[in-house]
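The two complexes that follow have subunit A in common; it is paired with subunit B in the first and with subunit C in the second.
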Partner chain A sequence: MMQDAMVDEWYPVGLFSQLDVNGRKTALMGEPIEVALDAEDRAKVTCGDGRTLPVCVRYGHVWSSLGKPQKDLFAIPEADQPGRRLVDVGVIRVRCSPLRAVENFLDIAHFPFVHTDILGAEPHTEVEDYKVEIRQQEDEVWATQVKFYQPKAAKSASGGITTEYMYRVPAPTCSVLYKTCPPRPCEWDVITLFVQPLAEDLCDVWPWMALFDDVTPMTDLIHFQQTIFLQDRSILENQIPRLLPLDPGMEIPTRADLTSVAYRRWLKRHNYTYGAQLVAQ
Partner chain B sequence: MKLYDYVLSPSCYKVRLMAALAGVKLEIRPVDFHPGAEHRGTELLALNPAGSIPILEEGDLILTESAAMLAYLAAKAAPEWLGSGAPEEAARIQQWLSFAHRLTASLGGARLHEMLLRPGDIGALQAQGIAALRELEAGLVEQGLRGMRFLASDQPTVADIACFPYVALAPDGGIPLDPYPAIRLWSRAIRGLDNFIEMPGIHRLHELRPEPHVEPGEV
Partner chain C sequence: MLSDKTGSWTPVALSADLPAGTVMPARTPAGRIALWRSQSGRAAASADRCPHRGMRLSHGFVRGEALSCIYHGWSYARTGNCLRIPAHPGLAPPETIRVETHEVEECGGVIWVAVGVPTAQPPGLEGVAPLRSLTAHAAVAAIETAAGAKAGAGGLVWQAQDAQQIRLLLAPQGDEQTLIHVLLDDNSSLSQRIAASRAVERLRRTAEDLQTKGIAP
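Showing the complex of A and B:
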């Protein structure tokens, strides 16, 4: 049995809206699992060894764990705010470390090159200084005061704006992004990346959003986010080494990578090492 | 002209790309293919009993085969994309248009399996995909020997647009394009066309910037 502390964390294992009694076969950290609806329409997750695993249903998804979660799934208070559209973007499989998928989500510097004319554009490539901290009480990584020029920041954006972001890592394979909301400047749009670790170098990614946007059809919201994530996918599948290095080695971080540095430090502190490379090569 | 479209579908992208190259404006009707499976719903099945997208609609004309859509767009706005009409060229265009179905079944099937978790025998899909890529590579090499850069002629035709998307997206299905230099040159030639548009996984040519100017005697 693995010794990794990640075994006791919650992971997304399916969209609740797509569950049925026939069940869906998938995997969690190398173990085959099955996710199904029981006779009372509740989600049930069964491990390949016959164990019934812990379950909760939140943010459109079914969550489970191979171990014994010590606390409830992290809170996203905005998810319960009236007036938000909740968007199930659907699963996308990526042949990469689940930790690499999260790290890429935290990176801003790649926007002009990978999400050209959507989330960034040359020559606006500079990442201004921002603040990063590991919040002790919440035990989460936070990046705040992140600003970036974006030609088309959201489906609801009509032209280029300087977008402000906050990033949050509340669990080893989950990140929550708060982003300027074009129709409601006093609120934040919430965009999440929930990652299901299938193996150390294979994951199913379940993006999910809670937006203020009364105009854009749901399908357009889904397509916008799938477009962004599919642009990332081909980059993620080509990163070397496949596992996320936690020791400084061949990679040289810059100031723009402060969030990634804090994320790696936080993973290491907690012994969250499933999908990580521990010794520099 | 209304296109029932999914942003991640290579077949839908063929039609968007052809329209962009021909200068035709499309009305896009997004279809929730994944995760919603809207293409299997009653509204779209009534238009296309095969349950596939893209669907192109203009007046009474409803097209459900992407090759027919390419031919229609070209005939309407850019007839040079249908070729010169020379017998051998016309035959090659038809040959590659039909061949494109094999790319959809093999490379497209592998991509759906690896990316959106659709069922399938991934080993067989990849093997068939590689066989098709080798055939395409050989075809392009032979065209090169004839002094032609594209599949049927020295100018791009609908045949190139029919084959390009699934080939360019082969790595999404776990099939690298590194072993195929002629395919990579051809892909570059297509991506360098005026009014080319991209889709997720098919990038524009970032490197198409002015060459650095070096004065004689400077180096």
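Showing the complex of A and C:
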């Protein structure tokens, strides 16, 4: 199982703000790990076999890897932009493949049915054509010019608007969403999905946000995202099979699913198969 | 369960437990199904998986004469063909997009689903009317032992102590669980029905004890 190319990637393993010297016991790709603060208040991640694992702290979270990461964690330049509020949303445990959690995040067609009257509403169900590409230089999946009518796009939105989205997949279990920012039309709000693979069919989802919103209380911002992700969980825990099928034949995509098609193709090309099902069963 | 060489009928639910415009999960020996009833009252059964993204259709919703998936709203006719993909309202879904369906027969207040192609009709249940369904954490063998009788084509006829004769339809659910449909003489009084309901709950406890202790054959 550990032949998978995903072993050398970075994964979120906890919120830095919640660490203490006592440590937090969790898991990464089936291995027990412990995340703690050391005597100098630096994050330290220890594997069940006693190894000290690679660590970095970024975007509010501690990141680690069971293997040897070949490159630094992906950049989110907006995270350092002055004036943004950085929101540690917390964790939602989902009994599904980490790859299914990411694919759901890339999907807009479910908004009217799963996030009814928040991110979508009938009869506004149509998904207009958008652009999808695998950017060779960055080696990332990008979807741009994604538009969707939303009754309440954000905590700061007062009524229905057509929201524009851009999606980015810079790592196999992470996605960054850029979304119309109601108070600042020339900027994008940033909402991320960082997924910690506990096992092939179990994950901890750590959403994180960098928003232009000086008004909404932090608790409300967190509640809004948690509501959305709990609605997604009711879907993710009831998909069959639990693992993400990478071979065609098991599921039927349409034009609205082009981001997911590109994501699956990109995973397969890189042999990112932890949480994937390769042969139709 | 009535079976022949080519197929069998499974009693999946009582008619009264599936109102018009609703969907529920059910099981047959061939797997999980989404059992639903259209607005006009017709019962239908399909595989419990939307072919688009694998979501369970039993979590979906019924509108008019179609069953829709809760994930993206893809809707299906009782014959299994996809009628509508809301993300592409102008698109007529191709014939190739469909869910597997099962034949459904509803008689005497019981909904039967075919596995395979049965040559006969579900067993007639004349003179009895359905009372309720309940799930036992026990296999059919443990229930038969507890009742002191074997299930036949028309179910298990059980003479309970302090109650009238009760007929039980047993549908195995896997994992040593059994769905029990309880039927009574259709002239039963209210107090007889209450007594029968309690008797079957006692039977369930006895069967579950047998199952836990491993006494059942």
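In the analysis below, the second predicted complex is superposed on the first by the 280 of 281 C-alpha atoms of A that agree within 3 Å, B and C clash if a C-alpha of one lies under 4 Å from a C-alpha of the other, contacts with A are read in each partner's own complex, and residues count from 1 in each chain.
Just so it is clear, a contact is a pair of C-beta atoms (placed from the backbone, for glycine too) under 8 Å apart; a residue touches a chain by one contact, two chains touch by 3 or more.
Here the structure is a predicted model, which is why all the values come from computation and not from measurement.
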Overlay on subunit A: subunit C relative to subunit B, clash or fit: fit
Touching partner for A:48 - first (subunit B), second (subunit C), both, neither: neither
Partner chain(s) touched by A:88 [first = subunit B, second = subunit C, both, neither]: first
Contacts of A:32 with subunit B and subunit C, given as first, second, both or neither: neither
Touching partner for A:110 - first (subunit B), second (subunit C), both, neither: second
Touched partner set for A:239, first subunit B, second subunit C, both or neither: second
Partner chain(s) touched by A:249 [first = subunit B, second = subunit C, both, neither]: neither
Minimum C-alpha separation between subunit B and subunit C after superposing on chain A, in Å: 5
Intersection of subunit A interface sets (partners subunit B, subunit C): 113, 234
Residues of subunit C touching subunit A in the complex: 48-49, 51-56, 59, 69-73, 85-89, 91, 97
Subunit A residues within the subunit B interface of the complex: 15, 18, 88-93, 95, 113, 116, 204, 217-220, 222-223, 226-228, 230-231, 233-234, 237
Subunit B to subunit A touching residues, read off their complex: 6-8, 30-32, 34-36, 38, 114-117, 171-172, 174, 200-201, 203-204, 206
Residues of subunit A touching subunit C in the complex: 109-110, 112-114, 122, 125-127, 234-235, 238-241, 245, 250-256
